[in-house]
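Each structure below is given as structure tokens.
Presented sequentially are two complexes of chain A, the first with chain B as partner and the second with chain C.
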Partner chain A sequence: MSEDRTLRQNRFSVLISVLGIYFLAAILLIVGVMVSERFLSAANMLSVVGGVTILGLVAVGAAFVTYSGHFADLSIPTTMAFSGVMAVEALQFGIVAAIFTGLLVGLLIGLINGFVIGKFRANPIVWTLAMAFVTRGLMRWIWSNRQIYPEVEGAATGAGQHFVNLYRYHLLGVIPMTVVVLAAFAIGLHFVMKQSSFGRQLQITGASFEAARLSGINVSRNVGLAFLICAMTAAVAGIFLTSLSRVGAYYMGEGYDFAAVTAVVIGGVTLAGGRGSIVGVIGGVLVIGLMRNVMTLMGIDTFAQTIVTGAVFILAVGIQSNSLRRLGRDDA
Partner chain B sequence: MPSQTDVVTFVNRYRILLLLALVFLFMALFAPRFLNMFNMTIIMKSASLNAMAAIGFTIVLICGHLDLSVSSTISLGAVLVIGFRPDLGWSGAIVAAVAAGGVVGLVNGLLVAKARIHSFIVTIGTLTIVQGIIYVYTGGAALNVTGALDFALADFLEDPILLFFPPRVIITILVIVGFEVFFLRTKPGRNFYMVGGNRETAWLAGVKADAYVIWAFIISGCAAALSGALFAIGISSATTDLGVNSLMIIVAATIIGGASMNGGKGQVLYSGIAVLMLTVLFNGLNRFGVGSEFRILASGVILASVVLYEAYSNYKKERIRGQRPELLKELDPQQLKNVASSLKTRKLQE
Partner chain C sequence: MSTDSSAVNDIGLALEMTNITKAFPGTIAVQNVTFRAYAGEVHAVIGENGAGKSTLMKILAGAFDDYEGQVSINGRAVQLHSPAVAREYGIGMVYQELSLAGPLSIAENVLVGRLPGRKGLFVDRTALIERARSNLARVGLDIDPRIAVEEISQHEAQLVEIAKVLGRNPCILVLDEPTSALSKEEIDRLFDTIARLRKNGLAIIYISHHLPEIFRIADRVTVLRDGRRIDTCQTSQTTTEQLVKMMVGKAVEELFRQRDHEPGEQALRIEAFTRFGFFHNIDLHVRSGEILGLYGLSGAGRTELARSIMGIDPVDRGSLHLEGRAVVPRSMRQMVDEGLAYLTEDRKLSGLALRLSVRDNVVASTIPSLCRNGWYNSSAARRITQSLIERLHIYPPRDSVTVANLSGGNQQKTLLAKWLAVKPKILILDEPTRGVDINAKVLIHRTIEQMAQQGTAVILVSSDLPEVCSLADRCAVIRMGHVIGEVSGAEITEERLLMLANGEGIEKGAAE
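Presenting the complex of A and B:
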């Protein structure tokens, strides 16, 4: 009798651990169809995807930080804002220089984070928080709390319009370029995580830092690279976000740190590290998009939406970590 | 004559007091209109909000967990105390607000200790949930005290009765000192440190770790709600985002005050002093006429230096782990080289 019960529980646990987040996505799709017939229309689906592409870009990079067992990068929002502002500032030298400068900011912040956390083993949450303080303070100080506008800064060269169009550009007239960029990043980073030697080493580093170190893996380099990847995708996302909102300012990207953690963790990358995949993270991002869309279609106001989102977040992670524990695959 | 290590230990132990003295001295000497009764009162008042909320964050951190929900719990306490005032009176409203904070803490604690979900996840979740509840309760607008008689308590709480200490500040200091004595001098208080510092020892000693974790979260919720409630009564109004900026300051202060993210370290009193230090810094910078952007930069630089200093000293310690410097010193360098080369040749032969 009791054996039967454990077996059934295990079957459910296996189901969760295999299908993971796409199980939740399927439930949301069914709910969505029941709520409104407009739900499955191409326009609505495109708006679901379009609404979370920037979050997706941030999340696929942030996944590496969580995968390496270092929780989260709280400097994501300021990295996004800083790269956006710097890109706008560099627009006077042309669109290529602007994008290049934006990426350079990401590179720089990623290198600092990676060095301090990878080499000196500073606590990731506290260090990235300090980093967020410093970059935000710098931004507000240098630009004295002003917003800067790409269409003004790039007016002389005409690059401003190109910059604003970055987010709005469509391939073949239908597929948004942001989605293509996200797909490229997701596929590329998926292979980096699962196929490259760096990815495999990072998995061991995340699962057990000490074991990885003792077996001769260059843990400092791996952890540093994880933070670098995170900052780079945050910089790309920041450039797109600035292009979308037509304004560069210190407050851009606020809230993307916790949103990215949500997507990454409900996507199956456990905080204990060394577990999860980019496929799951994309699923997590889609679930967030679907959830927002379904709730809006149901007429739930934004205030109540935050309550539901928070509850679903805790519940999803709770079920997932519980089933992993039941399968004996995780002690966290 | 104190040796170099003695000085380092002294600085490490009283780091936060030295920092406070340093910042205060600098501001007293150079900041215009800094050193007067009125300004000291302002500093004490603005420090007391985050200082009391930092109690809870510190004790949760000592237990080895994180409580990111403090910021919305502060707002919750503020909003509820103003919202319940017409029905329950001040004392009833304060009790209700603190109880609501306690419920938030209890939920956090149960999810962390019993459902075994990571505290980082749980408290991000409850952070958004509580913020949502606040918005639903208030409709997004700020709540204000109405009726002339209701300002009497605010006047009492905010006017200095002793030097530059208004009752609200004195309450904060008493609560902090009370918890400090409880955590350091009593048996159940010290168990909190054991739970966070070494779970296995705690288990062997028969300490119920789960119960302590849950109590830590409850204390955190109550302290945050109480500080928000007292602040709201003091200014006779409550905004929905009162505590938004608090989280960053509390985290920074707790770490600067010597608590460790790994648990088992830290003191409630030192976290409170660190909040005071940051407030003195902010206030002094204000007197220089620089904007809030400089305050964020300054607190970021201080936090970054403290973290970097700790990480670097740990890194140096780690590098010599497993070595025995006192033995290596006895051998002469030539001998060491011989040992190394003989090891190498043996490896090659194998």
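Presenting the complex of A and C:
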């Protein structure tokens, strides 16, 4: 009897954790309509979506780190900046070389993070924080605190203009290229997380590292891959961000670490690991976009918006660990 | 059943527990037990796992508020319904798992909860050190109390724990398996301390299953079995054989068992297997279709041996052969791929991912084989899980249930299902029925026998004597990291194993 009750509760809480975030998005839509009649206009909706595609790219990768039970990758902002700067630097060899170089940076940082944390069990927070510090220092030293401009670096080959257009290109003239890329990543990574051998094993690794290890799962490799995926999507996002702002600099990407973790966590990927989905994360990203848009329409200034985002994060973590505790999974 | 004829006299009766009964859902852990302890004596309580020792001591510690029977301390009837009350009445418990905070100083640990304060806000360092020093002197430990606990030896930590408990001035001191992590010299020093405390008029209750220790330190010994008190006697008037007989009790007929097939080829052999400090020069082999028991008291090195065979922990010396082929265990993954499976001892920490479903746990070790071109076949996972749920009667019989919501027995069956799913050639089971109800236990035993019948080589690591005796074809006894004897067939009796594990009755030539 009581067992049935816990089972029902259980199913309910699973449903809430997936759909809850879209419910929240719906509430924000209603609030938005009440705040401003311009809210539902196609232009505004596009700006909501367009405003969070870069965050979305970061979040779908960062979700793997959280899912693996390793909380967050704090080297996301500098990975974004570094791949952007390197891409701009490589523009003199053409647009393809630039994109390739940017991705290579992500690959390298991801491999280092993954190896050190997966193999040597370094504390993920401390290690990625150190990684962020080192890469930022490296950028400021190499480019002596200067910003570099794609339109200058790529002037000779004409690649500079292509690079700046990366973010601005629209498929069939209407759908922003970034949205298409994000959709492709989200769908692909959804299947990787839920349907691949790696993703299934990552779930167990995240839920209980020791149990996974003693099930014969290669935990080092899985954790390493999670950090690699995170760095790769951060690199893609970094290239888009640099294209958007027409400038490569060490400070690009600041704040994306926290925003991504917020999207991941309110999207239902618990900090305890092993739970959640990319579908939820996309919902989390949308909620952040809607929240920002509604607040802007209400005339709340940008810095106050940061406070609200922080508060939402704390609230989400609180609700999650509380509901896990009530379900008897007090390890949240 | 004899009465407590050896009672000294009622003067100095520190503790009297009369007709104590405590039931748990489905089992009676302690039934009608009467127990007395006098000031100035060391009273040993012995019994096999599940005999009721720990339940009795938990009642004394105030862990339950629903026991039946009377308890009186120093002639005064008391109700021990919470740990705080028990402490107030002068009961000091020293558990096997020390409750010390490693990074803090010895002084802070000894005086935890009673730190001398200044103006109710700051800790008075001078008084803290001084008071700690005098507390430590009572257990004969001359050490700087400012040192952090994590920097001192196991033996010193044990004494610090005792000093901490003594600091509350108990009249009854309970020591639960205090020597399990100590070396020979450290045990000697601990016993000196116990002897001194006894002289000071403390009633000391000493729980152990190392019989030789009991003859060294205890004045009287009470034997429990299946929740009842079998006898209490003076240690000077009894022998190891008599105690073992009392602990084991029942006749051997139900333990005799026969399987109607011959074991096959040698599946696993280890030679001179050594991990320094844990186990030394272990030679063992197991054939397919055979159940090899590995019996030993906790801390004897059984689990460590199993972990090294599985590649989880390193090996310093020795070789391992699978079907005659030399293999170096490097990782658990590798050994699982070689056809080995290892059911760990602690299902909650290292066995199951409690927050995931039964299905996710059951297929945990089989994911790569459930994937085609790297993609997971979830309907195959569901099918395999469902058939194992039916085979092991896991309740509720649904593969989507979160493991944390299952009972202990069903969790253990889920863990077993995970290793059955890999279809192992060699199955190592570490305490496969610890803490499960009787129905689950029977089912797990039947399943182990079936596995052997179908040709799996089984290594059964257990400290549950009846379990080893009823299942094993051969049994190796491991003591302090050495295999000190091997018995097979009808020779596997509880008496024989218990004697061997306690270091008695070893054949000539078997080294320790």
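Here is the rule we go by: the second predicted complex is superposed on the first by the 306 of 332 C-alpha atoms of A that agree within 3 Å, B and C clash if a C-alpha of one lies under 4 Å from a C-alpha of the other, contacts with A are read in each partner's own complex, and residues count from 1 in each chain.
Rule of thumb we're sticking to: a contact is a pair of C-beta atoms (placed from the backbone, for glycine too) under 8 Å apart; a residue touches a chain by one contact, two chains touch by 3 or more.
Not measured: the values here are computed from a predicted model.
A.B. asks: Looking at the overlay, what does A:F71 touch: chain B (first), chain C (second), both, or neither?
C.D. replies: First partner only.
A.B. asks: Contact-wise, after the overlay, does A:N218 reach chain B, chain C, both or neither (first, second, both, neither)?
C.D. replies: second
A.B. asks: Regarding the shared-chain residue A:S41, is it in contact with chain B (first), chain C (second), both, or neither?
C.D. replies: In the superposition, A:S41 contacts neither chain B nor chain C.
A.B. asks: Can you tell me whether chain B or chain C touches more residues on chain A?
C.D. replies: Ranking chain B and chain C by residues of chain A touched puts B first.
A.B. asks: Just to be sure I read the superposition right, which of the two partners does A:L138 touch: chain B = first, chain C = second, or both, or neither?
C.D. replies: After superposing on A, A:L138 lies in contact with chain B but is clear of chain C.
A.B. asks: Looking at the overlay, does A:Q201 come into contact with chain B only (first), chain C only (second), both, or neither?
C.D. replies: A:Q201 contacts chain C only, not chain B.
A.B. asks: Under the stated touch criterion, which partner chain does A:N123 make contact with: chain B (first), chain C (second), both, or neither?
C.D. replies: Touch status of A:N123: first partner only.
A.B. asks: Quick check: in the complex, which residue numbers of chain A touch chain C?
C.D. replies: 3, 6-7, 10, 191, 194-201, 203-204, 207-208, 210-218, 272, 274-275, 324, 327-329, 331
A.B. asks: Under the stated contact criterion, what part of chain A meets chain B in this complex?
C.D. replies: Listed in rising order, the residues are 71-72, 116, 119-123, 125-127, 129-141, 144-145, 258, 261-262, 265, 271, 303-307, 309-311, 313-314, 317-318, 321-322, 325, 332.
A.B. asks: Spell out the residues on chain B that touch chain A in their complex, using ranges where they run on.
C.D. replies: Per the touch definition, chain B meets chain A at residues 66, 111, 115-118, 120-122, 124-129, 131-133, 135-136, 140, 248, 251-252, 255, 261-262, 291-301, 303-304, 307-308, 310-312, 314-315, 318.
A.B. asks: Quick one: which bits of chain C touch chain A in the complex? Just the residue numbers, please.
C.D. replies: Of all residues in chain C, those touching chain A are 312, 331-333, 335-337, 342, 344, 349-356, 360-361, 363-365, 367-368, 370-371, 374-376, 378, 396, 398, 401-402, 404-405, 418.
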